[in-house]
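Here subunit A shows up in two complexes: once beside subunit B, once beside subunit C.
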Partner chain A sequence: MALLNIQDMKIQFPSRRGTVEAVKGISLEVNGGEIVGVVGESGAGKSTIGNAVIGLLEAPGRMTGGVVSLHNERIDNLPFQTLQKIRGRKIGMIFQDPLTSLNPLFTVGQQLVETVRTHLDMSESDARKRAIEMLDEVGIADAENRVDQYPHQFSGGMRQRVVIALALAVNPKLVIADEPTTALDVSIQAQILDLIRKLCKERNVGVIIITHDMGVIAEITDRVAVMYRGKIVELGQTEQVLGRPEHPYTKSLMAAVPRSDVKLDRFPRVSYSDGEVKQHQHIDIHSHWLGKSRDYVQKDGPLVRCENISMRFTSRYSIIPSWRKYFLAVDDVSFDIKHGEIFGVVGESGSGKSTVARMISGLYTPSKGKIYFDNTSVSDLKTDKELDPFRRQIQMIFQDPYSSLNPRMRVFDVIAEPIRHHRLAESKEQVTQIVEDLLEHVELGRQAAWKYPHEFSGGQRQRISIARALATRPRFLICDEPTSALDVSIQAQILNLLKDLQQELGLTMLFISHDLPVIRQMCDRVAVMQNGKIVEVAETEKLFTDPQHPYTQRLLTLMPTLNFQAAV
Partner chain B sequence: MANSELTAKTATPLARMADAFRRGLDSDVFHSFKHSPVTIVATVVTLVMIGASVFANLVAPHNPFDMATIDMLDSELPPVWEEMGMSKYLLGTDNLGRDVFSTILYGSRVSLFVGFTSVVLSMVIGIALGLIAGYKGGLIDAFIMRVAEIQLSFPTILVALLINGVMRGVLPPSQHADLAILVLVLSIGLSNWVQFARTVRASTLVERNKEYVLAARLIGVKPFFIMVRHVLPNVMGPILVIATLGLASAVLTEATLSFLGVGVPPTEPSLGTLINVGSDYLFSGSWWITIFPGAALAVLVLAVNLVGDWLRDALNPKLR
Partner chain C sequence: MLKFIAGRLVQSVFVMLFVGAIAFTLFQFVGDPINSMVAEDATMAEREALRERLGLNDPIVVQFARFAGNMATGDFGFSYQHKRPVSDLIVERLPATLELAGLSVVLALLIGIPMGVYTGLHRYGVISKVFMTLSLIGVSLPTFLIGILFIYLFSVILGWLPSFGRGDTVQLGWWSTGLLTASGWSAIILPAVTLGLFQMTLVMRLVRAEMMEVLRTDYIKFARARGLSNRAVHFGHALKNTMVPVITITGLQIGSLIAFAIITETVFQWPGMGRLFLQAIRQVDIPIMSAYLVMIGFFFVVINLIVDILYYVVDPRLRIDRAKGAN
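Entry: the complex of A and B
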């Protein structure tokens, strides 16, 4: 007898523009002590399932069919109050963002005690004891003292441990974890996953893990359900589904996951999609406007040289200088980027990698040190007249495709702006021609020019960003986590596009990512950053096969590996 | 979908406008408009009152400023439905024999004109200072916002009275009547910019760190153009709401100033002046001289406020 049994669940979201069927009849079983993964890309309906089981479907969404039962007892048609008791007592939930799932105004202990006392008949002091036990169990050292601290006194990973303690405090039978590690760094992710696994086995709890990350699935789950557009396309033992996928969608998904073991020339083209593949006009890059940017005089030495650059931010301002407080984001960093290479920077959040990118791009002026571009010290230039030629040569692609395009501008104007600003075209007609060619070249099609950004998906927006960056005919392209907000199949397409462009146009790139497999696929050389310092710079192959610095070694061992991938 | 792509691309400006209009009718904002009867009524009332006052010379049965048509013998006549009422004067006449209904139409024209222009003035000042403060930050920001806060710590009407008094003191008395409206617009406009500035600054602080602004900076776009072309269109939503609500309060401020006798002169009366003049006759039984202009003012301000409230909710994604 299964712990949780979902039979033919259907969920609809009626809206004014027609009803959206988010979940189209799925069936799933979870046993005690078993971890079941639900994996899929954004919009596949995976979070909706979790929310429906626990009764947190957002209005106007509703279950239109199917049965959910816990211990053979139907729970999907219960009145609100009964359901509330069951979900507090028997089902625990772990949310994605540990920053917002704890109430900042109460101590961790108060929140645990409240939860325990609501559902278990316990005295205040017993509940407190239980809270301390729970914190101890999820690996928070010195639980006795930390129980009286507020959430802001805990780090992100520690907070997620507290959330797990909250979810498990009343001994639930089932835990639903919705992207439990997505907001966390890779080193903390590994610890949290270990913890979930350990608690699941010890307490014989059934766990549903909802994630988009194949690495997480491979690492922790026993069985996995692969979702595509509201349906489960494949369900089975994790090893089997990931190692020998049968459904074409699973196969294409697995192919798109960047491999950490071998460097491939390109990502395999993801073949499974419902939409027709449009043929895009190919432009001959060398005779085209885009290719005619080679008017630069190639100088000796590296294209970009950073000499002992540091960046400090004022974290507390005061009129009296000695009272000011600073935060050193980048601390005395030096490196070179050679002509035509893709230089990677990898590190965890807060390591200063984005700050480095922004200093090179000119958005920030380094507090100390110098940045040379083509042997010119750009950090000393002040006036627009001096800076403009360099701005034209250095362009950047940002992380968040939703905020990197002005929502009030047509795509045409977004891409035309740099061309007009730098007067790169001779006539209005030529601007139109260039914009349309650029859109064709990033495989969006020229019609895209007349729409607004909100009409595009994340991946398409990232293509628009790339087109905008190319519109100045840059030599040097900075990519700051260009794919971390995208689904894995879209990521593969964008990375392929970037690689192609880099080769066609002979671009030099600075590629920033927290994702080691992506770095391995993209970069020629890599710098590893930790706490504002570069700990190691090496050729990619050498870094991955023979890391020198202990931090690099640790990062590499934490990297989730898909051992089954070799079979694909 | 494919169809609109093609029309948008090849279209003339007119066709493109038609396309935008069609999309507007299909938008969420219009949807919420259709489902709010109160707002529909308020919008109709507002539009009718604005229309009637703009075309007062066509709509009004009499011209209250044409001395030839005014008969002192007709003064202080009550509305038609009262015993002494004449069908010629729908809402009665005032102490000079002018038709109250017509004076209200001409009076709201002055009130609305002062309201609109002063809101536009506050908007221009507020948006410019708010954008600069939010985008530049640092000392400039601190300076602008401290000035704004100092002004905010006085009641708006007091600031308006102060500016009004100073300007009247500076101008020669012979020009007071001619420049009365300009003085009013300036004093109301200058006393209301703070709200705009604070709202724009708050939104600008959010927008300036978004990546599309960084991208524009990387291209080398000048700060002025970034503020106007990139930031401004994205902070316009809340400004529209404040402007609508501000119109209502500007009309009220104008009425208050005129009521206090420092607004427009009685020769060119606004609603406030009418209420002021009429209030002298309230206790002699001629209530209609002051009550009707007062009611017109109340209805106008209420209607505009209701439209503003709806706009605020409709543009707030959290309440949608």
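Entry: the complex of A and C
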């Protein structure tokens, strides 16, 4: 008998523009001690299923058909009060972002004790003991003391452990984990997945893991359901589904996962689609404004040279200098980037890789050391007039496509602004022409110019960012985790676009990522950063096949691998 | 924490010195005080003698130092008009204003916060819409008009409540209170509601907006997913997270309630500081004006200090040294 049984579940979201059918009749079973993965792209309806099981569908969404039963008892039609008793008690939930799932104003202990006492008849002190036991069980050292700390005193991975402790505090039989490791580093991700598996087996808990990350699925799940547009297109043992996929969508999804074992020319795209694909008109770069009048001469030697740069932040300020406390984000780093190469920087969060990018782009001034761009020391330039030509040649694409575009500006103005600022066009008509060409070239279409950023999806917004970066005719592009907020299929499109542009325009690129397979596919050379220092710089192929530094070796072993991929 | 408060206290001293300087310049520029003090037929010699006695011939820095010292010890000089020490006048009037402002803040919070929580939770409910419409009236109607309407309705037509004065007061030491007698209570209701109405609607709209923001957060969703009761989620987890902006606004508003109670006090003939100040302006009674200025400045400084300390109480992220918690 299955622990959880979902039969023909249908979920609709009525809206002004007609009803959206998010889930179109899916059936799924979960047994105790089993981990079932639900995988799919965003918008496939996978999170909706989890929310529906626990009765937390966001209004106006509602379940319009099907049956959900837990231990053979129907739970989808229960009154609110009864459902509340099931939440937490019988079904626990783990959310994606550990930084926002805990209430910042209460101690970890208070939140645990409250949860325990809501469901179990326990005294305050017994509940506290229980809280400490739980923290200990999820691997938090010194639980005795840490129980009285606030969430902000824990690191991201530790907070996700607290979240797991909260979800399991009253021994639920089923746990729904919605993207539990997406916001975490590779090494932390491995720890958290281990923890989930351990608790699942020890306590005989059924687990549903919802994710878009094939690596996570391969790593931890027993069975997997692949979702596409509200339907389960394939369901079966993980090994079988990933190793010998049957449905064309699963096949193309598997093929699109960036591979860490071999370098391909282009990222395979998720080719399966049941909608129509619109064709966009590409411009001939070389005869176009974008390619023309590139007012510099290709020289030998490096384009960007960083000499012993360091960045120091003040973590506590005091009037007396010796009382100040500093945090050394980047510590004495040197490297060269050659003309026309894609230089990768990889490392865990906090390793200083974004700080390096910000120093090169001029957003931060290095505390020590010098940065040369085209043999000019940029760090020594002071006035806007001197710096402006360099700012034009160095452009940046940021990680978060949601916050890096001004929501009050039309896309046209977002892209036209740098052209106007640097006076790159001769007339208004030319500006319009350039913006429209750029939008066509990044496959958004010229109509996009008159919309606002919020009308676009994450991948489309990243295309806008790319168009904006190209609008100054840059020589050097800095990409700071440009696709880590995006799905596999969108990621492939964006990375292909960047690769094409790099080749067509002869751009030099600094590419920052924590995703090793992406680095392998994109970059010519790679620097590995740890705690503000570069521990290893090597040709990409050499780094992946023959890593020298122990930290690089460790990173490579932690990378979730799709062992079944050979069959694809 | 202590370091922070000490820093704030030093800042406060500078703010008070600045306010004092403005109050001091009143004496320099708003007419010659000697004229208001001596008889019409005083001779030049008499005037000069008085000028010397009051220290008005000293260098300006010495005069300011003396003025600041006097202010700090609570000596605000003599009222020209009342011929009594200003501090005595203030002690008589201050309790009336503080009771009025205090009660209206309490009303604003006690009614505004629950209304805000309710309208934040039931955004599309009928009652919420009624509250929101009423609150628009509260925000947009000027205080004096509301006061006059209240007097017309409750005093003239219905005859339930008195339209002016403080009713009977009881003396507790130097503090005269109207809150211990029935007539005192019936007298304070109308002005307190009038004064507090704007703050109430402000607090309500603020809490509503903050609640809607907080209810969308992940930790609220996670709290629900753990099966916590609605009461615990709404009032334990959500409301506490809305408090920082509410404290800020309420703090600023208490200051302006005391400072701008003038209009309400005039409409209801309330014997408080505001009316004293208005009379002083009419009579060019500079010592009262400058004392009022310094006092209001003092209230703002104290309230802001309390607000800053309350932040620390409410939000642990400010309280704990960040370096200590990192791992």
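One rule holds for everything that comes next: the second predicted complex is superposed on the first by the 534 of 568 C-alpha atoms of A that agree within 3 Å, B and C clash if a C-alpha of one lies under 4 Å from a C-alpha of the other, contacts with A are read in each partner's own complex, and residues count from 1 in each chain.
To be clear about the criterion, contacts are C-beta pairs under 8 Å (C-beta built on N, C-alpha and C of every residue); 3 or more make two chains touch, one makes a residue touch a chain.
Not measured: the values here are computed from a predicted model.
Novice: Would you check which partner chain A:L505 touches, where first means subunit B only, second means subunit C only, and both and neither mean what they say?
Specialist: Neither: A:L505 stays clear of subunit B and subunit C.
Novice: By the touch definition at the top of the document, which applies to A:E114: first (subunit B), second (subunit C), both, or neither?
Specialist: second
Novice: Answer with first, second, both or neither: which of subunit B and subunit C does A:A527 touch in the superposed model?
Specialist: In the superposition, A:A527 touches no partner, neither subunit B nor subunit C.
Novice: If we overlay the two complexes on their shared chain A, which of subunit B and subunit C does A:C200 touch? Say first, second, both or neither.
Specialist: A:C200 sits against neither subunit B nor subunit C.
Novice: When the two structures are overlaid on chain A, which partner does A:P104 contact: first (subunit B), second (subunit C), both, or neither?
Specialist: second
Novice: In the overlay, answer first, second, both or neither for which of subunit B and subunit C A:R408 touches.
Specialist: The first partner, subunit B, only.
Novice: When the two structures are overlaid on chain A, which partner does A:D388 contact: first (subunit B), second (subunit C), both, or neither?
Specialist: In the superposition, A:D388 touches subunit B alone.
Novice: Which partner does A:V435 reach: the first (subunit B), the second (subunit C), both, or neither?
Specialist: Once the two structures are laid over each other on A, A:V435 reaches no partner at all.
Novice: Using the touch rule from the top, collect the residues of subunit C that touch subunit A in their complex.
Specialist: Those in contact with subunit A are residues 217-219, 221-230, 232, 236-237, 240-241, 314-317, 320, 322-327.
Novice: Residue numbers of subunit A touching subunit C in their complex, please.
Specialist: 54, 56, 84-89, 92-93, 95-97, 100-107, 114-115, 118-119, 149-150, 152-155, 158, 163, 166-167, 169, 315-316, 325
Novice: Mind pulling up the subunit B residues that touch subunit A in the complex?
Specialist: Interface residues on the subunit B side: 5-6, 8-9, 31, 210-212, 214-222, 230, 233-234.
Novice: Can you tell me which positions in subunit A touch subunit B when the two form their complex?
Specialist: 16, 358, 361-363, 384, 387-388, 391-392, 394-396, 398-400, 403-409, 417-418, 421-422, 447, 449-451, 465, 468, 472
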